[in-house]
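Two complexes come next, and they have one chain in common, subunit A, joined by subunit B in the first and subunit C in the second.
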Partner chain A sequence: MMGHRLRRWITEVGVLGILLVALVTVLFPYFWILLVSLKPVDLVSRPDVWLFSPSALNWEEVLLRSDVPRYLANSVLVGLATVALALVTGAPAAYAFSRFNTGGGPARFAILAAEMMPPAVLIVPLFLLMYRLALLDTPLAVIAAHSTFIIPVVTWFLIGFFDEVPRELEEQAMVDGYTRFQAFYKVVLPTVRPGLAAAAIFGFVLSWNDMFYALILSGGKNKTLPVAIAGYWTFRGIEMGKMSVAILIAIVPVLVASFFVQRRLVKGLGGGAVKF
Partner chain B sequence: MVTRHSRFPLAHRMLVPLGVVLLAVLIYPLLFSAWISLHDYELTALQDVRFVGLRHYIALQGDGSFWNAMGNTLVFVFGAVALETLLGFGLALLLHRPNRYRDFFRAILLTPMFITPIAVGLMFRFLLNQQLGVIPYLLGKLGIQIDFFGPGLALYSIILIDVWQWTPFMLLLLLAGLESLPAAPFEAARVDGASAWFTLRKVTLPLLKPVLLVALIIRGLDAFKIFEYIYAITRGGPGESTETILYHIYKVGFRFFRLGEAAAKAYVLIAITLLLVALLYRAMRTAEERR
Partner chain C sequence: MADVRLEHVVKRFGSVEAVKDLSLRIPDGTFTVLVGPSGCGKTTTLRLIAGLETVTSGRIFIGDQDVTHLEPKDRNVAMVFQNYALYPHLSVWENIAFGLLARKVPKPEIERRVQRAAAMLGIQHLLDRKPRQLSGGQQQRVAIGRAIVREPNVFLFDEPLSNLDAKLRVEMRTELLKLHRDLGTTAIYVTHDQEEAMTMGDRIVVMAQGEIQQQGTPREVYFHPRNRFVAEFIGSPTMNMIPGTLAQGVFRAPELSLPLAADVAREEGQAVVLGVRPEDVQLPQVLPPERRTPSIAATVEVVELLGSRAIVALRVGERELKAVIEERHLEQIREGESIEVAFDRTRLHLFDALSGARLP
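Entry: the complex of A and B
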């Protein structure tokens, strides 16, 4: 009996040990970037210095005396506009796919295929189109590019969430005198609100994180935040502290958002095709 | 109202907004791209565009840089996805056990997949830098000297960075898959006195196969799009040893301004990825039937 309990105890400690190693591996880079962002300029390139009196200089430089806040605003604008467009176009379509099975399996597959389309294929024509329309280096160009994958992702998510709503719900609403569209709009949509929120947050994160399209379509005055971060590429010693600040500004909001969507993400990614 | 039959049923009308927008931003550019790939489209000479037929496609045969980039990408995709699947599955098994701290570990371990890859690239470029980096410094204390981005090693370092960022994705899907498995087969295996290893191989893995397939396809296709780490860290170097396919197409199209050639290469990329997805799908199906 003792042997059994000892073995179980060893297993528990082993499991916890492995999980702690994984935890440190994930957290250490965040910790180090935070540390560097608080270092005085002369200590930034000193990996052997872990203790110092913190300085807010890097943060002041980036937040008050650089264009980073403007690039941040661009990112927010592009993300919100893309997500709004995705919800307006995606929600009714997802409802049609879910309820009327419009287009059947091939239609669902087309949505998934659009989501997976390599950016390499779309960047050349999008660049030329935006050039012709004189929209290069504007948020509109990036919004159009982000729509190519965020609309399909959001639609795909919503199909899964609509599939879960019992049909009796809108049937009852229609008995009560609603049209089918009213039933969708006033009864079904409110019940999938958590799903809509998760899809919107996930879509926003995808837009917020993209650098490839934004770099090529809007790499000048109207950069988004990831493109601005890429600009710290030169790696001059003094820049590292500011780079750390910019990185933290880009990742902290997303990390906070991630805690809200983690649970629903799986169902969304499955898109009603895979039942987890 | 329910029985009203208009010429366009509601189901179709609800698809119109999606259809219009995707036609404008996705379908039209796709077709335009095919047209571009058949022309001598150069950013420096947009007034002088000539039809060249399949020349860009035929020229790929002798294009060493393209195939080098394709090879690098395949090494990267297979290496990264294999490691991520193994680690993700292992961690999913550990987190699937009843554990007081489970939700805490889960929430933290999933965070890397939500971060913008350019930040991850720059973060690790800094962390792994020979002079400025804290990891070479710590390894140096243990007497280990590694130049993470030197010749021969850079591509593998980039694989490890991808593993840091994307193992969480495999963990997320596989853990959800484990949680959804029926309890009965495991109960039966326990009653029969099956070992943990046997249960894992003969019960867990076969049941998990559909989820595994979805996870592998999503992650694999996503891994083909690797660009930011290369842009942030090596810009394809040393030499062309870390040039991946998306970086190569970016270089040809937007550094050398040869848009026609870039468009053709992108189409070949689609063909190759579709082929790989089909192969993976068939391999999983065959394995299923043999069972």
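Entry: the complex of A and C
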């Protein structure tokens, strides 16, 4: 008896220990960045100093006396617009793939081709295109670029959710007096809501984290946040304190979003909403 | 309310012909059951009537209206699916009212119809719930309620009871029939379960391989199967089939020979199959003398007691015959012993060995 309980106790402590190590490994960099953002200017380049009286100077500089809030707004705008575009086009596309097998089986994966190519392949044509359209250094250019990979990813992501919806559901709606399109948005779309939410957050994070397209297509006045963060790497050195503040501003929404995407994903894939 | 007519309807999926030149008239107000093994085209036929599939050729009429090329929404039919297809994001009330909202029925009228249907089905207390909070039987009722409130020309049922447990299934059968009697709306019901077809249908349409094998009342189909397929598909346990030949009014098979009534004399030496339903295989003394055939020696192999009756597996020569014997005659029947049995000669069926068609 005792041996059995002892063994269980040891197992639990072992598991907790591993989780603790994982947690520290994951969280420590964030913690360290938070510390740096609060350090007085003269201690920023002293990673060995752990005890100091915190200063809000970096935060004031970044939030009140820099363009970072505007860049943040740019990132939000680009992310939201890209996701909106991706859902409006991706949901019907995914539905078509799921129900009518449009383009045959391989087409489902072929749409991911752009995603599989190195971004460098696409950037030159995109740059020339935006130049011709006089869209360089505008959020529109970044939205267009992000759409090239976020629309396919969102579409691909949603196909599985539509596959899970029984056909009878929309057939019932059609017999009940609705057109196929009405059946799609009145019955099928609400049924895959968890999937739409997960896809939206997933797409938003992809857009939010991108620096490559944003830097090249809109690296001037209309930067997004990741580009702005990189901008603290100046010819005078890295402005560690302010950079840390900007990094934290960029990270927090993603953390919150991942938390939701995880819960929604579990809910969406685990049934309950779709199965009955 | 309306009758339903299919005229030379063909449906092909690629190279597969699911429905072959099917013509059928379903009279107004009847409860008609389409029955057959899976893949026989019964569900496709139902979906063609609903408009969920389009015909390859042929025409479909509901009442006087040619609906062949109408959208499902314009056919005024209501359908109940096997998996109920309740809208998971809507409450029971909204599920039932959904079709009425599409048709812009005024709100007070919707409320009245939903309440009436809910009362008929005993689900008034569930109207605020979501489908996932309901049991299978309750979901089934909601699906039926959704069909009723539409007051359609035709009800279409696609195996609506197959997901229920056996007891509930039998209860719902009765309830559906009661509903049908109260509403009087034409109903077309698809099932693969011959027992369900027999108990529920005013009329049965037996299908196989995309073609109608026979249509008629349950009695007609059971007692006068038009061919071997219908004879074997309808009835449980399955009809005994004994291949043999006919000569001079005598049926001869390796294990037995039987003189048949004069009016079944056929061309000499014809290869035939004799069909005998298990309940028509009896102990000789049970049958009135004028109805029984000469006795046949058989060995009792297995007795399966069902309650008031038993299914008895008999061996006659190389052939196994099934008999359904009433429990009170069972004391004379023991596994492993030899007994004499006779057939009810008024209920023998003869089929052509090649075509399978009934010999009249």
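A few notes on this one:
Basically, the second predicted complex is superposed on the first by the 242 of 276 C-alpha atoms of A that agree within 3 Å, B and C clash if a C-alpha of one lies under 4 Å from a C-alpha of the other, contacts with A are read in each partner's own complex, and residues count from 1 in each chain.
Quick note on the criterion: contacts are C-beta pairs under 8 Å (C-beta built on N, C-alpha and C of every residue); 3 or more make two chains touch, one makes a residue touch a chain.
Every value quoted in this text rests on a predicted model; they were computed, and no experiment measured them.
With both structures placed on the common chain, the touch criterion links A:L128 to subunit B but leaves subunit C unconnected. Within the superposed three-chain model, A:T179 lies in touch with subunit B and with subunit C [touch as defined at top]. In the superposition on chain A, A:P118 makes contact with subunit B only, not with subunit C.
In the superposed model, A:G105 makes contact with neither subunit B nor subunit C.
Residue contacts after overlaying the shared chain place A:T191 against subunit C, while subunit B stays out of touching range. In the superposed model, A:E168 lies in contact with subunit C only, and not with subunit B. When the shared chain is aligned, no partner comes close enough to touch A:G220: not subunit B, not subunit C.
Annotation for subunit A, partner touching more residues between subunit B and subunit C: B.
Once both structures are placed on chain A, subunit A residues 174, 179, 274, 276 are touched by subunit B and, in the other complex, by subunit C.
Put simply, subunit C touches subunit A in their complex at residues 50-52, 71-73, 75, 77-79, 81-89, 98-99, 102-103, 131-132, 139, 146, 150, 156. Remark: subunit B residues 1-2, 9-12, 14-15, 17-22, 24-26, 28-30, 32-33, 36, 41, 91, 94-95, 97, 99, 101, 105-112, 114-119, 122-127, 129, 131-134, 136-138, 164, 172-173, 176-177, 179-180, 210-211, 214, 218, 221-222, 224-225, 227-228, 231-232, 245-246, 249-250, 253-254, 259, 262-263, 265-267, 269-270, 273 touch subunit A in the complex. Against subunit C, the residues of subunit A that register as touching in their complex are 166, 168-169, 171-179, 182, 187, 190-191, 193, 272-274, 276. Partner subunit B is touched in their complex by these residues of subunit A: 15-16, 18-19, 22-23, 25-27, 29, 32-33, 36, 45, 47-48, 85, 88-90, 92-93, 95-96, 99-100, 102, 114, 116-129, 144-145, 147-148, 151-152, 155, 174, 179-181, 184, 205, 208-212, 215-216, 225-226, 229-230, 232-233, 235, 237, 240, 243-244, 247, 250-251, 254-255, 257-259, 262, 265-266, 269-270, 274-276.
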